[in-house]
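The next block holds one structure in the form of structure tokens; read it before the comments.
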Amino acid sequence: MDFAPSERTRELTERLKRFMREEVFPAEAVYASLLTGGADHTQWRQPVVMEQLKARARDAGLWNLFLPDLEGGAGLSNADYAPLAEIMGHSFIAPEVFNCNAPDTGNMEVLHRYGSPEQREHWLEPLLRGEIRSGFAMTEPDVASSDATNMQATATIDGDDIVLNGRKWWTTGLGHPHCRFVIFMGLSDANAEPHRRHSMVICPLDTPGVHVERMLPVFHDYDEPSGHGELRFDQVRVPASNVILGTGRGFEIAQGRLGPGRVHHCMRALGAAERALSLLCRRAQARVAFGQPLIKLGGNADIIANLRMAIEQARLLTLKAAWTLDTQGSKAALSLISQIKVVVPAVAQQAADAAIQIHGGAGLTDDFPLAQLYAYARVLRLADGPDEVHRAVVAKLEAKAQLATENHA
Amino acid sequence: MDFAPSERTRELTERLKRFMREEVFPAEAVYASLLTGGADHTQWRQPVVMEQLKARARDAGLWNLFLPDLEGGAGLSNADYAPLAEIMGHSFIAPEVFNCNAPDTGNMEVLHRYGSPEQREHWLEPLLRGEIRSGFAMTEPDVASSDATNMQATATIDGDDIVLNGRKWWTTGLGHPHCRFVIFMGLSDANAEPHRRHSMVICPLDTPGVHVERMLPVFHDYDEPSGHGELRFDQVRVPASNVILGTGRGFEIAQGRLGPGRVHHCMRALGAAERALSLLCRRAQARVAFGQPLIKLGGNADIIANLRMAIEQARLLTLKAAWTLDTQGSKAALSLISQIKVVVPAVAQQAADAAIQIHGGAGLTDDFPLAQLYAYARVLRLADGPDEVHRAVVAKLEAKAQLATENHA
Amino acid sequence: MDFAPSERTRELTERLKRFMREEVFPAEAVYASLLTGGADHTQWRQPVVMEQLKARARDAGLWNLFLPDLEGGAGLSNADYAPLAEIMGHSFIAPEVFNCNAPDTGNMEVLHRYGSPEQREHWLEPLLRGEIRSGFAMTEPDVASSDATNMQATATIDGDDIVLNGRKWWTTGLGHPHCRFVIFMGLSDANAEPHRRHSMVICPLDTPGVHVERMLPVFHDYDEPSGHGELRFDQVRVPASNVILGTGRGFEIAQGRLGPGRVHHCMRALGAAERALSLLCRRAQARVAFGQPLIKLGGNADIIANLRMAIEQARLLTLKAAWTLDTQGSKAALSLISQIKVVVPAVAQQAADAAIQIHGGAGLTDDFPLAQLYAYARVLRLADGPDEVHRAVVAKLEAKAQLATENHA
Amino acid sequence: MDFAPSERTRELTERLKRFMREEVFPAEAVYASLLTGGADHTQWRQPVVMEQLKARARDAGLWNLFLPDLEGGAGLSNADYAPLAEIMGHSFIAPEVFNCNAPDTGNMEVLHRYGSPEQREHWLEPLLRGEIRSGFAMTEPDVASSDATNMQATATIDGDDIVLNGRKWWTTGLGHPHCRFVIFMGLSDANAEPHRRHSMVICPLDTPGVHVERMLPVFHDYDEPSGHGELRFDQVRVPASNVILGTGRGFEIAQGRLGPGRVHHCMRALGAAERALSLLCRRAQARVAFGQPLIKLGGNADIIANLRMAIEQARLLTLKAAWTLDTQGSKAALSLISQIKVVVPAVAQQAADAAIQIHGGAGLTDDFPLAQLYAYARVLRLADGPDEVHRAVVAKLEAKAQLATENHA
């Protein structure tokens, strides 16, 4: 057993932290000042400072660290990358700076692993260079998408084409000015067995019949210039060669995609939780009421201790999930991945809420990043499967494992 | 002991519910469509439909129900009014419809009880008629306002005038196009004993030196067209006759104002909690995943039961606080008032969070009022004293009471 | 709405409190010293002091206060009796002192309401006089008794007799030297509709075939000299006239018995919670660590505040359940009765646990009544239906009620 | 980073598990049947089966695994031993079987590290051979021992002797028939700086003036034949050579002793938690109510999932604490050690409580080990420092660490 990060991770950690300190945090305010806000995403612009930061990160070799392959990526395992993802999670603008932002990382992994040479050349390469962005269109407004087999949008082979129809939403990144395509998941064979019914299809956003209906606010925030969008596909026709891996193989791809993606999400969320705790601690020591710094009052010290313990545990669990994914594969990591998807967002939400409380009214405004951290954590309790579904997975696997074990007595 | 509401309350409940059903709920969408949103409150407009609803409510005799006096009000006790406030709490637009919205209700009570005849004629009368609105300027950005004696803004007598200086924020309603004045609380005698140092002063917003610095977002929502504002007072000079009750009597007034105000807030928040629970139950029964309505899955039924129990208990506690205020006065109600300020916002936050979760991503958007309900409950854990201060009050009174009691053994 | 207790309750409260102070609390230590403890209930003796206290309570007119009838009882409604039950709950020995202990109160109510004249004369009268005690034999070891229709023990009419077979446990009071009979609930017609299958039968303990298998410890405590017992019924033959109300009417009786019984249990448990909180507050103010009384350290004051709020709310809920039972009947009170069965034992358990913690190791020993209070509360989360069953009832009734209500929008 | 146990641990895990399965679990019932119970520890006997198991464990090389030294121990680091301690924690009788039970392990470590050659020969050797047992006398009944500097018992040098006076309690193992001595911690120089005032002294139980006042029940359980005892020291005179390391060095020793001791405690408690979860899962799948196994009802599956996540996280935290202790020493591990002392007992208590609930009344009796597991976890929230003290340590170190870090912005 060894809790120390690898030499490679240690070295990258140092460089990444320095870059965050010297480049990213100082740029947050400028970036924010360049956003115009609002529901109309057609007015959204990429702040210039982001492209400058991206160029510097790339020059610094802090680029595509998420990709476990040396070709195009940094060759890091999930366990090696995880601590780096956490560091990026301290700032909302950081993941894009390092080309490590969702959902593009997931899409890049999909194309890297399962894409045809043409798909990789046409879509993966520019993503890896950070020139374009992409979305993932799976969740649907009209059904409980927590049960993925509920998906009703269709992807129907018609000669050399595949025709897409239906409505999707919560396509993250859809509003970004650089977003060029989405990976669409749809029903292609209603008669196959449940996990062989759906296909993943690359769909460029400029294909006729693709309608961006609106951007979705989260607690009134549109997360400009990335956003979460709602899409309507109306007889959208793309070449059948846009199908990834083959029709009916959507869930197979999803399984491979979701494990690492959830680890990344969770590590970034832990970074967010740490930032909230850090702000909380500073405020609790700086602000005075009734003649004492807040940290000396009531249960405030306990709140700090409880968060430290919760975050530390959640991090260890996430690292173990990453390590299990690396060493034993996704099936062995199934329960752990579901566990972190329940545990981590809850911890991050709790940290943000506690930090808001200690900041008083200021915590609810944009004077601090806490409301945004809160919203991020809150979304994550629903995205990539709600808590409820993951708890059910954990319980089911646990019950099964217990029955397989000999009894004590 | 009798848990039945009074005849008067029962009758008003029926009429109020009908008005909500027939007039208020159907108008919510129209009202929302007339808002333009955004941080710039100078662009905010009062939706026409609101003035229409107000006229109808007034005609229906559902007006100023909060005021415990028959002259101008409905002559209801706190306990009698409480269930009506809860009903109004089901819709964000309802309190203003019935001229029962914060902070105007509190301001009207202050002026009604403590205002001079001139103050009442000039400021109370138009408030009672619903022609103008007002704010309350107490919390300050630069100090932990949870400790009210921290307040640093000054109100200095200078001849026949009183001069106001300092910064205030979280002045609710400041952005409203009809807002005409604020009640400013400031330090007038730094050498008096702590609770005799501050004064309340009526300050018209058009007085030179009053600067509305900005409106404050809560989870990115500006709560248009009412809002919470930040104010700067720069050598603001008003006649000394604008002081309410007398210099140094600010805390004395605050004590009288806060008890009923907190009961109102809590009852409205319970209405909000009920609306969240109602939406949760409907969704849980209508939405299907894994072949079952959500209510049949996992711990969802438990969530409903837990909320029902928590809301029911919080309501009884609030009603008891109201009744104690009515029958034994504010000192006797001190602990109960602090108790409800801790319990009720927490329940409402919990209800809104649970309802969001069961709605999936939709719960975070504006398609449902849940994100707004959530933000409202969250603010209330800070407004009128944060949880921490109220818990400390409850503990202190409890410890004292226990020592005053004979021991068991 | 009126939260004040009735004149009658107020007067009885005063007298009861004085009696507790002057007679009951001082006798606790003597009583405890007369117990010999241990698993072998045949060695258990009724402490002499208990009979002395009973005589004094009877002389003082503090006797059978639970019985809502003037004949034999005090003629108090559930709401009137509830605050008195709470006072009794402060001491483990008190309920028996006033002849208000479970399960005898429930059995007396059953016989009072549903017993034949012979049954009342033979069994009810001596119970009302406090001469004998009784048990209730419903729960079974071999099935999940949370689902009462699972009950497998049989009560079979055979000519003029009824023959009882099967195993029962958790028959409270079975070990008491004065225990003379149990009310046995068994399956008498497996083909009837589910709630018409079972009968209640009076079974004297000296009937051949009744075997007391053992007494059951709760956290190693046998609760001498009352206890909870396990029984085996082996071809036990009693006259058919021992059936209460008629065969197949067991659930009908149970419904009537359980509402008031649960209110009594909950009010006593609130008394237990108050005692725990009282001990906690005294210790927190008397004990010093790190130079301060414990109440000043960390979150201890918050713990006190949280308990005060939780107990106060749970009490109001219980009083409302009692009042609803009185004014609208058991069907209307169904949800509230289930609510208090979930809420109150949890609060009492929480209070006892917190009090133990603040007492340090001493809290776990017999030096304080806390371990016993804890065990009492813990049992109550299972007795008369586990939390889970009651939560399910609350959720089901809530979901139904919501569907019956018009929608908001 | 590597979550895999070492080769050595893996091999020992296999052998230990087999020994538990083949020898320990089957012996539990025999062992229990040989206990006579009760408060009078002079009647307690060591069950024969225990000595048989010890002999077999020793023969199997599963002996003194806790001792990090190869001489006398197994040469395992804390991180290597931790998983083995967890396995032992599955059965209450196991730790003694392997000579790895508290408080003897701690005492052996103290004597091993700090004892003089004579002390080691006379007291350590027989302990290592499992021939005698020992106690640790630190906590005092008359002061809040959560603040260790409160300790008032005295250890006064008088010529060649040291004289012990005062009262101690919660001396675990004191009732054991093999218990021969305690390590007494007392005030030897009231004028020294706070952490140099106390000394540790070896005190044989047969020294004149040592009085075992009573054994202390935990939830009515005396934990025979080990127990927790209360001691009075009345002018107890032992040779000054019985002082360990030197006068005034008690806290110095305690610091070294407590880190590994807490890791052991926590790992055993995790074993207890796993046993509770295992029993819970089996019962939930075997028991049927309302036509379904309990695991399908209400929130029961969620309870299982939540426990799995909590236990897994607590284990990782404990392993990291062990690893930090091994690789960076006790000062670096300070916060982590306090964290596990808060987290692990709470998880174990929660697991035992949940398992009790799903077992219904049976869970409270001795038919299952759950009440005992519960009591064990509950004690641990107080032993070796109550939760409150450890939370304060974590908060203090966190606040300090945050101030030492550069700010984000």
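Here are a few things to note about the model shown:
Order of writing sets the chain letters: A, B, C and D. Residues in each chain are counted from 1.
As a convention for this text, contacts are C-beta pairs under 8 Å (C-beta built on N, C-alpha and C of every residue); 3 or more make two chains touch, one makes a residue touch a chain.
Please read these numbers as outputs of a predicted model, since none were measured by experiment.
Between subunit B and subunit D, the least number of touch steps comes to 1. Taking the mean of C-alpha positions as each chain's centre, the chain lying farthest from the centre of subunit D is B.
Set against one another, B-C and A-B show the most C-beta pairs in contact at B-C.
If you average the CA atoms of subunit B and of subunit C, the two centres end up 42 Å from each other. Computed centre separation for the pair subunit A/subunit B is 38 angstrom, with centres defined by C-alpha atoms.
The set of subunit A residues that touch two or more partner chains comprises 298-299, 301-302, 391-392. Put simply, subunit D touches subunit A in their complex at residues 1-6, 9, 21, 25-26, 28-29, 79-80, 90-91, 275, 277-279, 281-282, 284-285, 295, 301-302, 304-306, 308-309, 312-314, 316-317, 319-320, 323-324, 327, 335-336, 339, 342-343, 391-392, 394-396, 398-399, 402-403, 405-409.
On subunit A, the positions that touch subunit B within their shared complex are 37-38, 139, 141, 143-147, 150, 169-170, 216-221, 228, 287-290, 294, 297-300, 356-357, 360-366, 371, 374-375, 378-379, 381-383, 386-388, 391-392. Those residues of subunit C that touch subunit A in the complex are listed here as 298-299, 301-302.
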